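We just call them A, B, C and D in the order they show up, numbering each chain from 1.
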Amino acid sequence: MATKKEIAAFMASAFPQCKCVVDAVGGRSATVRHKIGVDELRPGGTVSGPVLMTVADVALYVAILGEIGIVPLAVTTSLNINFLGRPSPEKDIIGVCKLLKVGKSLAVGEVTLYSEGEQQPVAHAVGTYSIPPHAKR
Amino acid sequence: MATKKEIAAFMASAFPQCKCVVDAVGGRSATVRHKIGVDELRPGGTVSGPVLMTVADVALYVAILGEIGIVPLAVTTSLNINFLGRPSPEKDIIGVCKLLKVGKSLAVGEVTLYSEGEQQPVAHAVGTYSIPPHAKR
Amino acid sequence: MATKKEIAAFMASAFPQCKCVVDAVGGRSATVRHKIGVDELRPGGTVSGPVLMTVADVALYVAILGEIGIVPLAVTTSLNINFLGRPSPEKDIIGVCKLLKVGKSLAVGEVTLYSEGEQQPVAHAVGTYSIPPHAKR
Amino acid sequence: MATKKEIAAFMASAFPQCKCVVDAVGGRSATVRHKIGVDELRPGGTVSGPVLMTVADVALYVAILGEIGIVPLAVTTSLNINFLGRPSPEKDIIGVCKLLKVGKSLAVGEVTLYSEGEQQPVAHAVGTYSIPPHAKR
């Protein structure tokens, strides 16, 4: 297992270009946040799909690292996302991941994505990560 | 319908931050390319998942615009991606989209993603776009 | 909106071959149950994948009918399922659906599937239904 | 590798309830067929979603057995399906699978589903199978 502080330090070092911040991690779950600015918008004045996919992927990764420790080589094997509503261009995107399974070689989780402070989700994703053999735990 | 030149101009104007280039479009298909540099890599020296998701999403969007014309408000409603192999950190990612359906309100397509020059795909995606009513065609 | 009794009567009439029973419906959710016998098993002594997909699809349909009333022509537009564990060959499969969105033309929900009495899910699905225009509600 | 005859015999013995017939297998692909009768229909006079999911799952399984030999314990780990059109209630459903990857522990393929004789697909699926260790090949 890894703490929020350890994961945040690892993310900053391994993914310096990633704009996601770890808000919480633990108990097979994680919450991450992505600031929204002009770079994240698309026509219609809303957040672009790839930004939401990125938040989903990072939320899964952080939740998994929270369970198995810092295993950089855990990699996404699949991701499915449904877009449910139009995100606000003025609010951070919040991704809340709950892990459904943490096996020896595979972890599966779901992520609900919100515009900060809103009740209705803007997207929902399910993803699978492959955990390399001999990952420390 | 829109030409490659029209779509490239629209993409540059509407998504200035997008690093994808349109290589080809037409006949219910499209090919896009994304340069890979240090910003696109992740631990293990490979291309990060969100970059591949972005290429898949853009390839779909471009193929759809090629069929229905410049309809900025066409939006992704779902995307499913499977990661199949480790992309080279030194080669462009190429996304080849073939549309499976172009209906009045919904378009569906599949995208195969390659490291340039390789035979084996690195990922495969299927996505759905919602087309707004009264879109010019 | 439709009650459990109305939906059960409709399902028995419209899908006489369907082995799913409605356990509960309401509040944007539904629980359905599928008896498991020799017809539902596959090599390895476990429940076959298509049975789990069927339960997921029916749970979604029932939850949606619970919200919008008996709209027979609501149809699945996509379904994504992840298999998480080996279901018991001796226990009913229970599908618990929670709707994520009920829009005018589209409804999206997630379904967690269990072997009855177990804590760990055996599968998790997300599906989308198209709701025909002028559906009574 | 297994031949069409070996796979058909195995399917008949291991899945006696399965109504799918193997039309062709080999070269990382497979074609299966499902007769459509009153049991396969749903309101609206069309083929029910779970029947299409079953054909997709079986087409994948057959294509994989064609590559790795009769490995009964290969199991689906995920399946994503998009429904593209209304299948005819009077025509067999044909599923054509092409494998995208056959790895040591995972195989991924796509399946296009047709009403026999039609050009436009009625559905498209992508699925992943887990191959047990020490599977004979």
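Couple of notes before you dig in:
Convention: contacts are C-beta pairs under 8 Å (C-beta built on N, C-alpha and C of every residue); 3 or more make two chains touch, one makes a residue touch a chain.
Just so it is clear, the model here is predicted, and its values are computed rather than measured.
Comparing the chain pairs A-D and A-B, the larger number of C-beta pairs in contact belongs to A-B.
Distances between chain centres, each the mean of the C-alpha atoms, put D farthest from subunit A. Taking the mean of the C-alpha atoms as each chain's centre, subunit A and subunit D sit 33 Å apart. Put simply, the C-alpha centre of subunit B and that of subunit D have 28 angstrom between them. Rounded to a whole number, the gap between the C-alpha centres of subunit A and subunit B is 22 angstrom. Contact with two or more other chains is made by residues 77-78, 80, 82, 128 of subunit A. Per the touch definition, subunit C reaches subunit B in the complex via residues 77-78, 80, 105-106, 128.
Contact residues of subunit A toward subunit B in the complex are 14-15, 17, 39, 42-44, 46, 48-50, 53-54, 57-58, 72-73, 75-83. Taken in their complex, subunit C has these residues touching subunit A: 80, 82, 84-85, 100-101, 108, 110, 112, 120-121, 124, 126, 128.
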